[in-house]
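Residue numbering begins at 1 within each chain, and the chains themselves are lettered A, B, C and D in the order written.
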């Protein structure tokens, strides 16, 4: 492929994300926020009427009945889409990605990357064989403060990492929402559409990705205790894990969707031989930097003292809060820049989560479930 | 005017906001965030090259050398803009607004509304004579938690208001930034472009508007002590005020651009005969509700217990932080909805700051400066 | 006087503070906390039975029917008290102090120092003529973080002070508690026992003292707007003030006892040409240090980096919270050390609020009321 | 024993706690804070000179060279001590307790209760055979907000407990302090004086005790991963644990003394089927109550809505912060009240941690170490 993308917004298509979806609108806002792309086509639902209505409410130029049709037709059009956004339940992530990858259309996919580890491996191979940009929306790494946290670790400011505590706790599934017609709840608790894990796949993987992103270290092994607290639920809605990182650091990771009164409490704390770091998604513009024996420093996004990379992820002056959309948009910003580069014959520069992060995520899910089935025995987190 | 706006994004033009402007990009993101409008034309700078470059970087379809030209030509085109965004320094707010108002083009203008109280009065008259939507971006009232605060006051949940404390303090002008080539600082400290007030006009008016919005009460009189702490600065960079509200409540309002270490610390606290309210712009998704003798309640945006109006101003589930852009976009969302209504022959419904808020703001500036010149004597805040 | 105090706890007597008093028990705990003094005698109530019962419940060795009797008898005893604690309503502060001062007995008195400015002047004269230690329990200056704040100002770390914001807001008098038999409320709202001011005397003076303590600057003039919100109340329950400090800095001071939902929210913020400081009494072990352009530093009591003076005011390792009692005890600790010094023929070293702070407090009350009576006209805060 | 304790402060002796000790002074302040007891005798150090100097600096009436001598002599005196305070390193807790228990003297002991599980069992037997009060200073359960947390659980306000997260993290041993002559560090890292665990015994047991106190549930089994991060250190300085409670709830417990930048960060979060609770020791006067679907409530100590038990543990009005000493003093307050009861022939009422809590603590240490030695295998936490 080689499109002329120089003097225009990129054209995007979306699969899924129709009415009733939370994440569809998030992708739209995030993809378009920097004025670098516009969604013009969609296969927004498997239900034709919903697909049509959804497309119309977004003023899309073209609405398709199926993603396959969209992939084929858009690939042929001179004004076809430059990239596709995958905003479906988990089980469709891989088939949809494959359809567009095979047409040479760039992909921005929701996570987890696939339904199974096998699919994930196949997806890696597909992307490696292609010349397309593949970005996975582990959106929380898009926050400027998270970028700064990684930067401080990279600069050696916290010394050698010893201890990591990652939490991602919510309460929205503390009752059997899946039995009340809640679409979001219903696919997430259904193994056929969600995969072998519930909370571990839905939010635990964000924690795992955040941990490996910030520390630059791989989880070497884990001991996981998964629970389904809500009666009749087939997948886990809570998990507690002990972690051992590749450098000998130790850690805890917990995810839960039954933690009463918690909204979307993702946080990470990293402690090294020199200093500690603390970040909370719900107050995302602040990063605590805790040097031993010195006053804790409250680092704030887009202040002059932040790293260039962190500042590049900020759009407003310090004190003008940026949030979930803006972080999500940062993943798009970097992916779109890479699509422009690739289409102009330049080398992509990355910065966003890739197919390899997707593979780690599927490995994490697989190993966590395996460990829990063995009564929380230690399981190595590597792909044999 | 009567355009068919039913099945498309609205078309917007922008005056000002070219390269180097902070607020230009804010307007673009905010105007487009909900997928209901697209900026397609601009007169983005009085410097022709900067205008052209700015327009190109935004992929605008049409770039004009002057706002007058843009007003005339766009009014004539069948595919002309539906509304104009005014993102210039203060002294241009009124002339630009007048040019577009006279062409029957809807206006979204930055604040303060004009350079002088006289202009503000004229602007009110112009809007009243026209059939256009005029929205003023007192963006902080766009926050869902601020909407909830107003709702609780309206519902009588805090009883009769007795005491109000409003702060808007920053530090970015604590040194003579205007002498270092900082464009933002240079026009804001220049009476010709900024008007008779510095911090009082730039941020104090946001405080005044927020106070009257949330309490539903007018400031009856004020006693203001304005200071220019930075040597050589012509306009105030700090102000402390005593307030008396129309119902007998008392208050404090302080604004400052020399408060070392403060970013964009706008906050409001309201105390009534039954309960108190507290909101901080830098943690915007939280509203504290303090009923006497009961536990303080931490109200969080988009939770089920929030008012319909507040929820309508939220886009993400609770715990997924929304920030400055999203609040700004709420002003646009409401204004755009009204533009659609007016163009379809329906009655506008409001909800966003109007030309009357603009008049109050200019009155506030005028009276605060007058009081300070009289050694903080009490001055009534009404337009004789 | 010259007692041998070397190898024993000091002996204290208390006037007031009997059953039903809040502050009596505070004085007992604070005076005894460091094991350097013991309360052994008291004239704890004007009601003989309550006096007796109160003394017994504290296991006091001697209970007196009147403070005059106590002053005379204790002065004569070889094992008489070394100092007296005054924990009565305001109107008794001065007469009781005088009685003990005249016997050469050291005094620790509650604030405000007297009922009127005249009494305060007389008290200053009395103390100056005597050789006794006089300490006034402006206890909030006893907090280690407040000491650190003063230290940073003294070291020039914040530069020249420009702006000060002091708040002391509560809600416990938001209803007519004085009509419900609440003893605390009843004397505080009674001009005969409380003096010419309500909230201004009770808590506003703490704010004034804290401001002058931390900044090392005197308030030059003030413009005060006092209000009695609760019907039938004779004294103010709310006040808003503009301040001008002797160096040209500007400020705000507000005190309120009708701020619904507020407990005991005393705070101070100081902004200079280099940095800002922020401290909240309700989270007393933290001091925010806000250097322009650098990360905010969270200073924590008893960390190694704190000043010697601040560390001397801490008793527990960082992270083991100290509170109201411990700060109060710091006033006693310094006063007791000075009593030991004076009794050993050494020079007192101070550090605690003195009779001169008491005079400033009475001046503040007097001038605030005067300003408010003149519709918040500027009044100089100096003793002509 | 049957002493007349009615009209006097109780007389206490102390073993350990001499100069250089942190906890000695804490016990003194806590024991004496409510004016119900006075320390008059001590065997404050095994070094005779330090013992003597320490006693003198506290103005003690009697100083002993050994605890055995003190136990024997005080038991014989008509004015002997009523209870003994044990403030030694761990290895002396049991022998000292035994010496005084055998003399029928009441005991307030530091934790962990003993050096080994065997000693703990023997101590239980000793106390059961005696008629003395035995209190263990798991001081963190003395906080009013912790009492409220337990109360809410007991009242069913959070429903059935599902998930618990307990943390106790510090940084003071992140370097080899034991090699720098730091006495506190040196005994705590020495198996002979500290026992088989380091951080798990020193602070992990506080976490365990807090968890069982608040939830009213026993830990059924645990999987523990203990680490000694500092080179050459024999005992753990960090631990991560998975927990399973007796009712099927799951949990995490982590303790660390190498968490850079953390002071004394003990916290507990409990999530039930109806609501959650959150408490942080470093902001101890606040308890968050998180009912699903309702605003989070900020419960504050000594507000009218708190439970009677919680209010009984508060001494100051809401907003006047109480801290570490006051919580510690609550353990003493309850224990002293029980000593008075027992001496008056009444039944003790408890409320403070007992010898059975001490046994649980030793069991926790023993099982955590056992689990870790088995590579974090699940180990039941029961005494076979």
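Of note:
Definition applied: contacts are C-beta pairs under 8 Å (C-beta built on N, C-alpha and C of every residue); 3 or more make two chains touch, one makes a residue touch a chain.
If you're wondering where the values come from, they're calculated on a predicted model, not measured in any experiment.
Note: the chain lying farthest from subunit D is B, by mean C-alpha position.
The interface holding more C-beta pairs in contact, when B-D is weighed against B-C, is B-C.
Here the CA centre of subunit B is 55 Å from the CA centre of subunit D. Rounded to whole angstrom, the centroid-to-centroid distance between subunit C and subunit D, based on C-alpha atoms, equals 34 Å. Separation between the centroids of subunit B and subunit C, computed from CA atoms only, is 44 Å.
The multi-chain contact residues of subunit A, meaning those touching 2 or more other chains, are 262, 296, 300, 303. Across the interface of their complex, subunit C is touched by residues 289, 293-300, 303-305 of subunit A.
If you check the complex, the residues on subunit D that touch subunit C are 7-9, 22, 25-26, 28-29, 32-35, 56, 58-59, 170, 172, 262-265, 281-285, 300, 303, 315-326.
Residue ranges of subunit C in contact with subunit B, taken from their complex: 158-159, 162-163, 165, 167, 171, 174, 223, 225, 227, 229, 238, 240-242, 244, 250-252, 254, 256, 258-262, 269, 271-276, 288, 290-292, 296, 375-376, 378.
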